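Should a chain be cited, it is by its letter among A, B, C and D, assigned in written order, with residues numbered from 1 in that chain.
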Amino acid sequence: MSVKIVHNNYGKSRVRLMKVARRGESHEIQETTVKIVFEGEFREVHIVGDNSQVLPTDTMKNTVYALASQTREIEEIETFALRLANHFLINNSPVTRVIIEIAEHGWALMALGGKTHQHSFIKGSDEKHTTKVSVTREGAAIESGIEDLIVLKTTKSGFVGFVKDQYTTLPETTDRILATSIKANWHYANADAATGENWRGARQTIIETFAGHDSLSVQHTLYAMGEAMLEKFPDITEIAFSLPNIHYLPIDLSRLGLENGNQIFLPTDEPHGLIEARLSR
Amino acid sequence: MSVKIVHNNYGKSRVRLMKVARRGESHEIQETTVKIVFEGEFREVHIVGDNSQVLPTDTMKNTVYALASQTREIEEIETFALRLANHFLINNSPVTRVIIEIAEHGWALMALGGKTHQHSFIKGSDEKHTTKVSVTREGAAIESGIEDLIVLKTTKSGFVGFVKDQYTTLPETTDRILATSIKANWHYANADAATGENWRGARQTIIETFAGHDSLSVQHTLYAMGEAMLEKFPDITEIAFSLPNIHYLPIDLSRLGLENGNQIFLPTDEPHGLIEARLSR
Amino acid sequence: MSVKIVHNNYGKSRVRLMKVARRGESHEIQETTVKIVFEGEFREVHIVGDNSQVLPTDTMKNTVYALASQTREIEEIETFALRLANHFLINNSPVTRVIIEIAEHGWALMALGGKTHQHSFIKGSDEKHTTKVSVTREGAAIESGIEDLIVLKTTKSGFVGFVKDQYTTLPETTDRILATSIKANWHYANADAATGENWRGARQTIIETFAGHDSLSVQHTLYAMGEAMLEKFPDITEIAFSLPNIHYLPIDLSRLGLENGNQIFLPTDEPHGLIEARLSR
Amino acid sequence: MSVKIVHNNYGKSRVRLMKVARRGESHEIQETTVKIVFEGEFREVHIVGDNSQVLPTDTMKNTVYALASQTREIEEIETFALRLANHFLINNSPVTRVIIEIAEHGWALMALGGKTHQHSFIKGSDEKHTTKVSVTREGAAIESGIEDLIVLKTTKSGFVGFVKDQYTTLPETTDRILATSIKANWHYANADAATGENWRGARQTIIETFAGHDSLSVQHTLYAMGEAMLEKFPDITEIAFSLPNIHYLPIDLSRLGLENGNQIFLPTDEPHGLIEARLSR
């Protein structure tokens, strides 16, 4: 039978790396998780098991270690991702596209007695700085992003005026807890814009908008965050948000003979709303 | 600034449900997790917070419960997903597409003393029967699938003849453990083909091909499984596989003054290879 | 200041191992996770950092690999745990007690076309066969057990006649779903009794009792399971159960204008009841 | 057969709660997870299913909500745990001991433009402030603690002079990465000492000692942290540490024709060392 390979890719996931940079007594660390994906025309691999054009995923992993060791300084994950992608593309002619995704995990130097320690660190939240670069022989597309940045506001959020039908039980509210785990990815017009400064500015814009916005729905806040990003950062051409609604439900204390003055809430993980959109200029 | 909404969707994730069907003393159960996604033109929701066309995700959840209760019998998840999608599409004019994803978790009646018990069950593996239906006013697309089906073979798998470069350390091997966690999704030409019988047949074809194939690489086995599916099931038009390589690495016992006769292996979760392809006729 | 070390121990956790036994074409596998704990008088290690009596945990790990490779056959985890414990105790004079815990993960040979395949396996549920041996120079104590065995019955379970107070909202019920994830550990009077046959018998006794019991509470079923074990297995001197109540809550459909004929339930992971007891003769 | 109930307990786990305190525009939040355990003589429950002395775990959960709602201010988890325990003990005569465990999750007000926001929060790390109170009719024992506080230092840690045997492959090192996820629990001599101030002081002492210590082993650092605690806090009578060794292993780049100048490390979760001790005066 004639079978068509519509699409194929392969690579290595969850390659973990800790890099330490030492300037005298002062140390810096960077912990990352790297994913490598190759696309290309690999018909013979699939059909007859001819591996003569296959770079093993084990070698991909080794290459991450090798290229990481070639710079003594910590580099932005966007820069490292581009170096990796270009290395793989140059050295593997059957490959038509290399995608590198990197997530950087948060560590901070300890603050002790009003001073920053030089080599002792404390783990931060699950928030990750992410990047995804996609490189072909025609050029590179570069994204930066955020994952698992969990934020919450205790007021300035409501949800009213929605559709009611025979299965509606949700009451309208003009004052609820709004919480979400922000996942955002934005495209840069050019690789030079993918700086740490821009990433920190974008992150701050998202947080400030979340905090300052009078939210009428998650969609409403999502749009406000994206609009602020596109307004402030001319190098950003598009931004996508994925915002799970982390519900904190008011507990019905009337069954216990008590009143809940918007004070006691039940945190729940499931089920949860999920609001997504992609915005551009 | 003029911001364009390139794409948007919203819905409810992780809606869990257990349904019990009772025929006299003989009980049947079905545990599922449902995801609902709405697409549509929702500009005013995002820009000015007008919720007048928004069905709350809480109501989506209630609707799952309501529609599930309307049949006394257990129904195939593909059938239930279509019922849900059509209900939502018919009753929500601003919505242009409804996507329903359902995963069914494995439970089996207990076998006790050579007999099958009538109302006592034991939880199976993490393997899930999945479906995804995508319905618009033009029609429905329907997929069935499998997730987290973990299989392993201790021989008839090799990996040789691959590209070597300066970072290669992987030895060639003609006899290794091959293990993967199968994720597969296939499209049916029409909704009528999405039967439990076809699902069970497709699953069996995947397993038998995995077991019987002389594997030269994960890609090679992936292709063989897809080819067998497309050969046996004329109603299946396309199939996608995502196959993480669950590595069982031979432990180097020579450093301990011992020999490893292909007998002792280290199971590792990370890093891992990931092989993906989509095949059609 | 004078500080007293009330208790101390150290060891290696999560040592994973896959062992393959080959008898011609017919293969057998055993995947395990091993934990090693040493107790002893290690004051100087703690106070002045003198490691001269410390076997590194890395060596513990290597020893697991080495001793596993010394038998070609798969052995019961109880036997392997005793071998490991004795090896460590004999070779490390400062150690006063060695505790070895092993969990064995479920794999089964594939059944294909009415026949059992010889070298292809499918992963089972999360249920684990466990053991814990604790060995001193005075002797050995040996436990076998089960973890994550999830069972459910759709009837023959009620919960009535309980204490009511001002915060009670739970209705009484004579017909509910009862589900739990069984964790059980039992002591054997002597090491020789720790056979695979006894383990399988004990497991079957637990399952049969769960299925056949008219349950008035989780405590009631727990006791029945323990009593059956102690009755059937004279070599078992004591058994401990830890039974989380996996709640499947009837969904209140009356708010949706519908009736729930004990048919639609909400699976929840939290909060959950937890019932524990230790029974002996 | 005569079966003895050696020990039994029951209760509710994973009761989650979010409490919001509002002083005008300025809001404070506290997210907690509560566990309730009852001990007592409950023979008839187990043997004949007589529930007449059983407070349902569902009511325990409701009681958490009710008692939380009775104070408008956020209270220390130690105080809330004692209130809960005493409520249960006073109202349930068959109960001989109530154990309450509470974990508090980290949230911080957002810092925006040099100012602290009044009602917008950001999730912190997985670190938890914990407490465990155990109350009988004779009195209360109270512990505070820390869980999942992950710390790392890039120097001032070595491991040399250890036992070598035929399975040793670990090289000695005088300069390695030391990382751990701190779990610590300390007993207070009296409930009045269980203040937030003492908790913060104890936490800071642990961190400072970790950072400042010239570590010869995990045991050595554990002891130094405990000694510092017992020296500084006269109200603390005993402290227990459980310290998994989070290994960051130097990657052998020599196989890639490169040198690793103590710069590139592999983070691994398994296997891992685990070092535990309990210290008192």
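To be clear about the criterion, a contact is a pair of C-beta atoms (placed from the backbone, for glycine too) under 8 Å apart; a residue touches a chain by one contact, two chains touch by 3 or more.
Everything quoted here is computed from the prediction, not taken from an experiment.
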> Out of A-D and C-D, which chain pair has the most contact pairs?
Replying inline: C-D
> In terms of residue numbering, is the interface formed by chain B and chain C classified as same (over half shared) or different (under half shared)?
Replying inline: same
>> Please tell me the distance, in whole Å, between the geometric centres of chain B and chain D computed from their C-alpha atoms.
In response: 37
> At what distance in angstrom does the C-alpha mean of chain D lie from that of chain A?
Replying inline: 29
> Distance-wise, how many Å sit between the C-alpha centres of chain C and chain D, to the nearest whole number?
Replying inline: 24
>> Please output the residue numbers of chain A that touch at least 2 other chains, ranges allowed.
In response: 16, 62, 66, 167, 169, 256
> For chain C, which residues count as touching chain B in their complex?
Replying inline: 16-22, 27, 29, 31, 62, 65-66, 68-70, 72, 107, 110, 112-113, 117, 119-126, 149-156, 177, 204, 207-208, 210-211, 248, 251, 253, 256, 258-268
>> Quick check on the complex: what are the chain A residues that touch chain B?
In response: 1-16, 37, 42, 45-59, 61-63, 66, 91-92, 159-163, 165, 167-170, 215-220, 222-223, 226-227, 230-231, 238, 244-245, 269-281
>> Can you tell me which positions in chain B touch chain D when the two form their complex?
In response: 166-167, 169, 255-257
